[in-house]
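As structure tokens, here come the structures.
Paired with subunit B in one complex and with subunit C in the other, subunit A is shared by the two complexes that follow.
Moving on to the complex of A and B:
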């Protein structure tokens, strides 16, 4: 078991890439206090995925990614419309938007049940365990390796590139939207760009980890990292570290308990998060005198 | 059509059970949800509804079957743990509330998925029923389930009704409640328990993912129609019950359809109608009142211009002069002139426009309000005379006769405004 297992390596490698992509975007979502919007988007892309499946007839189609991207942006705009134009409070706008779009997605799955190779369970938790047998065969019949691994790699390159190129813009708009407007950075455009990347990442990852567990990877590693540091660079590094760590641990625990790998990765992330919170909490620092000074930052 | 009659005449007693169940749970969760909406904690309901999944699975593992008592207790405990962790993290870490809620929601759901797959691989034949808890199937509600879910719903509705005062305090002004000696901590605890219970009773019919909608949407929609708490709660309950029955009907006619999504779609449809068409708060009615306000201000400005001409010794203005005074607003100006004519405030002869006696008194009123307000700002707020015009330009349209009377009194019926212009009264001649 402990010898080099190629399948284990491929799964862990892919899961790490997915959680790094999600974590990188999640850091900026968290700083903008938009973690719940990320949650909403990952539920809301479902109808886009289903329609994309239906149009393209396969899960490989570009239509799926486009459909989900459109729905993700639509969800962002709908939340914004409800908040600004209809003056519904923000938390309710988010709740109404994602439940409606998710409901429509489930209805579409059931309506097109015989035409679309997509079921409710797959949407919920994906199955990364089948990754090694879902291969990308080129036109010439050459076996290139697991298809989802390439999707995750492409996703990571695009997300990494997006954040590298727009690092300054993302940082400034996250911390001070008004200042960014003054120095000529269009905060709205950057925001929509970030939301599009989140939608795209959700779609690219949902086959492996399911639409809902993407949320966990978006939110939990950055939140854990935020407990340990306040510096943006550190935040990103720790998030990446956690992403890789939970992928490795999650895989072997899932193997041990014979359960969903994605679910286990998230459970491990949850344990790391809660343990960090406990260690960094007032409770712990008072009792053991560690020097974790509490500040009212991000209260 | 025969399906429709069969369903709504309740010939089948099991349909009657389902409908009673869905109405009770709809009203109960809408009731709790309205309070949490007013408390601006709507997303906590979302977190709880995802967080009950591991409890459902644990209950199933312990009981070995879909025993409602085990499932409900399991769901309740994991919901309670999630609520506790959320408030603990809020107090003890510097994470923002939305990051905490999103984390708790997804961690619990992830753990639930782990348990679900473990059960799946154990090969238990009852497993098929467990999936219903994710998306909901109201048709599967049996009589014994109804006693538990319905009973809990009635319990929620009764508790909220009896302690309405306490919960209103919690939602609207918890600090005040504390100050006058209410045990706010305890009330918050009881409220959280009711909220978790309302999620728990909905999981069978609506499913854990979409249960959040039943908590959030009815209250948000009803809020557009009324300002009274009592009406709000009743309306939210009605929205929720109607959508619940409609959704159940759909999954009765199309058995492969889960109930939850359809209930949510009907509910969201009602909410959308409320957002768009509700009187006063709706998008449409606010648009209309904004338009009519803009129209009124434009007409007021025209009357003022005519009055100023009178002050300068001109009995009338040509239509070109008016167009010139309001450049790029030719269409609005034409509209205002038409409206003023039909209200008998001005008369138009060829292209010469002059005030009628009624129009004169109305234009005096507007100018008077403008100048009174300028004087008030100058005398009582110590604002320089060259800074008072903009504020008066806005307030001249909305000052009421009562306020006018107060201003006159306070300023002791002044003759001149800060710019040394006469403040016109009705009996003045020009």
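Moving on to the complex of A and C:
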């Protein structure tokens, strides 16, 4: 029943890399209380993808990633502007921004439908199961393996590098933005850098997991890890561990139930989170409620 | 009653700050001497925190300017240290006490560099000064309010600055800690550093500070303790608040029995 072939390995490997990239960024989004901004970005990049697609004529073009990156930053700036200048609450300004940009994206897809081979479903849901047949063939006809795997690898290297290089700056701006500005760390630039990485990661992953499930990968593994530790290094390590774990478990469950892999990966993440939350709340009530009982058992 | 001085460490010229068109600081014009322990007094909403934030460039003024060490803020950033209000951050952040104090060294480290052994030793020294050396490995979510405040002061000490601006560092701190920290601040001013503190308690303030800034949207007074702690100026600062007025008279009466000049 259980199989471990090359395709399974490639899919699990790629899914792990995507969930690690998302999780790493998600840790800092969570610490900045900006998890929902990640949600907004993942939807707001749609018009950028369509325009990039239209300009380059293919969904593999660099234009797609640049277009999405610009829209992601635009969404971040718009949310920030609505909040600071127009005095709209954060949740409302997120809601306004991403629905507006997403709607523009849908209209663009319809308008350009005859020129662009792209539909909402592909952007929203993605499908990692097609990964082994979507190959990267070089100019000389050399088969290099799955294209999406390389996208995910490049994405992971860039996200990892970004976080490694700016770890100190990301940490201090997440903890105390005013203080970081006082000591001369450009908090606005760091923030835009993080948002750009989130936009890029979203685009890089949307073919595999889609724009909706990417949000889950940004939010759920860090939130789960935060239930288990109060140390930043541990938080990152546990997030990575959860990312790999849910990719393996999600793949085999999807195989077993003959269902969507990305859907299963995110469902597993949700279940791991709920189980952690229940276990932690049980520990909590044990400590205060039933501790005397346990002691009497000891005697 | 505004004393201007020669070669000030902070010079504020006609500073006006407004939020949403309603001014919170009006035409503040003052100069402060170096090597002094300076207290900012005033009722709630008088613009005390705003004044500190304007000096640090965290709010942009609608008029006027601030000069530090006779230069612009950008040129002297590394010589200035800031202690924000404790409530301005989320203490559930996953960091240890040492991590937070180390952040004080980040300004001088520059991009890409991580704090090393030298920075860690400095941070431990600073923790010792605020009496928190035993808590270095403790997560900040497990600290009491007073301990959090001491961590923030420790972080500002790690900046190794010449001018310290502290926003309500004694909110939620017990008397013993308050006295210990004031001793530390006095020692720092004796070494030639300048410390500016927003303080809410007039009673303890008169015992500790050398120089006072009294604010109530306008600048009421700025000068050495002997010249500005008078009934008239305190009334002007806290005016309109009835129960406070009686407290102020109490204070003045105390002052007559126990002259401050000693």
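Basically, the second predicted complex is superposed on the first by the 277 of 299 C-alpha atoms of A that agree within 3 Å, B and C clash if a C-alpha of one lies under 4 Å from a C-alpha of the other, contacts with A are read in each partner's own complex, and residues count from 1 in each chain.
As a convention for this text, a contact is a pair of C-beta atoms (placed from the backbone, for glycine too) under 8 Å apart; a residue touches a chain by one contact, two chains touch by 3 or more.
Note that the coordinates shown come from a computational prediction; the quantities given were computed from them, not determined experimentally.
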Clash-or-fit label for the pair subunit B, subunit C on subunit A: clash
Touching partner for A:6 - first (subunit B), second (subunit C), both, neither: neither
Touched partner set for A:95, first subunit B, second subunit C, both or neither: first
Touching partner for A:34 - first (subunit B), second (subunit C), both, neither: first
Contacts of A:235 with subunit B and subunit C, given as first, second, both or neither: second
Partner chain(s) touched by A:143 [first = subunit B, second = subunit C, both, neither]: neither
Which of subunit B and subunit C A:176 touches, first, second, both or neither: second
Residue contacts on subunit A - larger count, subunit B or subunit C: B
First, second, both or neither for A:226, with subunit B first and subunit C second: both
First, second, both or neither for A:267, with subunit B first and subunit C second: first
Superposed model, subunit B segment overlapping subunit C, candidates 130-138, 382-390, 400-408 or 418-426: 382-390
Where subunit A meets both subunit C and subunit B, residue numbers: 33, 87, 226
Of subunit A, residues touching subunit B in the complex: 30, 33-36, 38-39, 43, 82, 85-89, 91-92, 94-96, 99-100, 102-104, 106-107, 110, 113, 120-121, 124-125, 210, 212-213, 215-216, 218-220, 222-223, 226-227, 254, 257-260, 262-267, 269-270, 273-274, 277, 280-283, 294-299
For the subunit B and subunit A complex, residues of the former touching the latter: 37, 40-43, 45-46, 50, 85, 89, 91-96, 98-103, 105-118, 121, 131, 134-135, 209-210, 212-213, 215-217, 219-220, 256-258, 260-262, 264-265, 268, 271, 275-276, 281, 283
Subunit A residues within the subunit C interface of the complex: 31, 33, 87, 165, 167-169, 171-172, 174-176, 178-185, 226, 229-232, 234-235
Residues of subunit C defined as touching subunit A within the complex: 20, 53, 56-58, 77-78, 80, 82, 84, 88-90, 92-96, 99-100, 103-104, 106-107, 109, 111-115, 139, 141, 155, 159
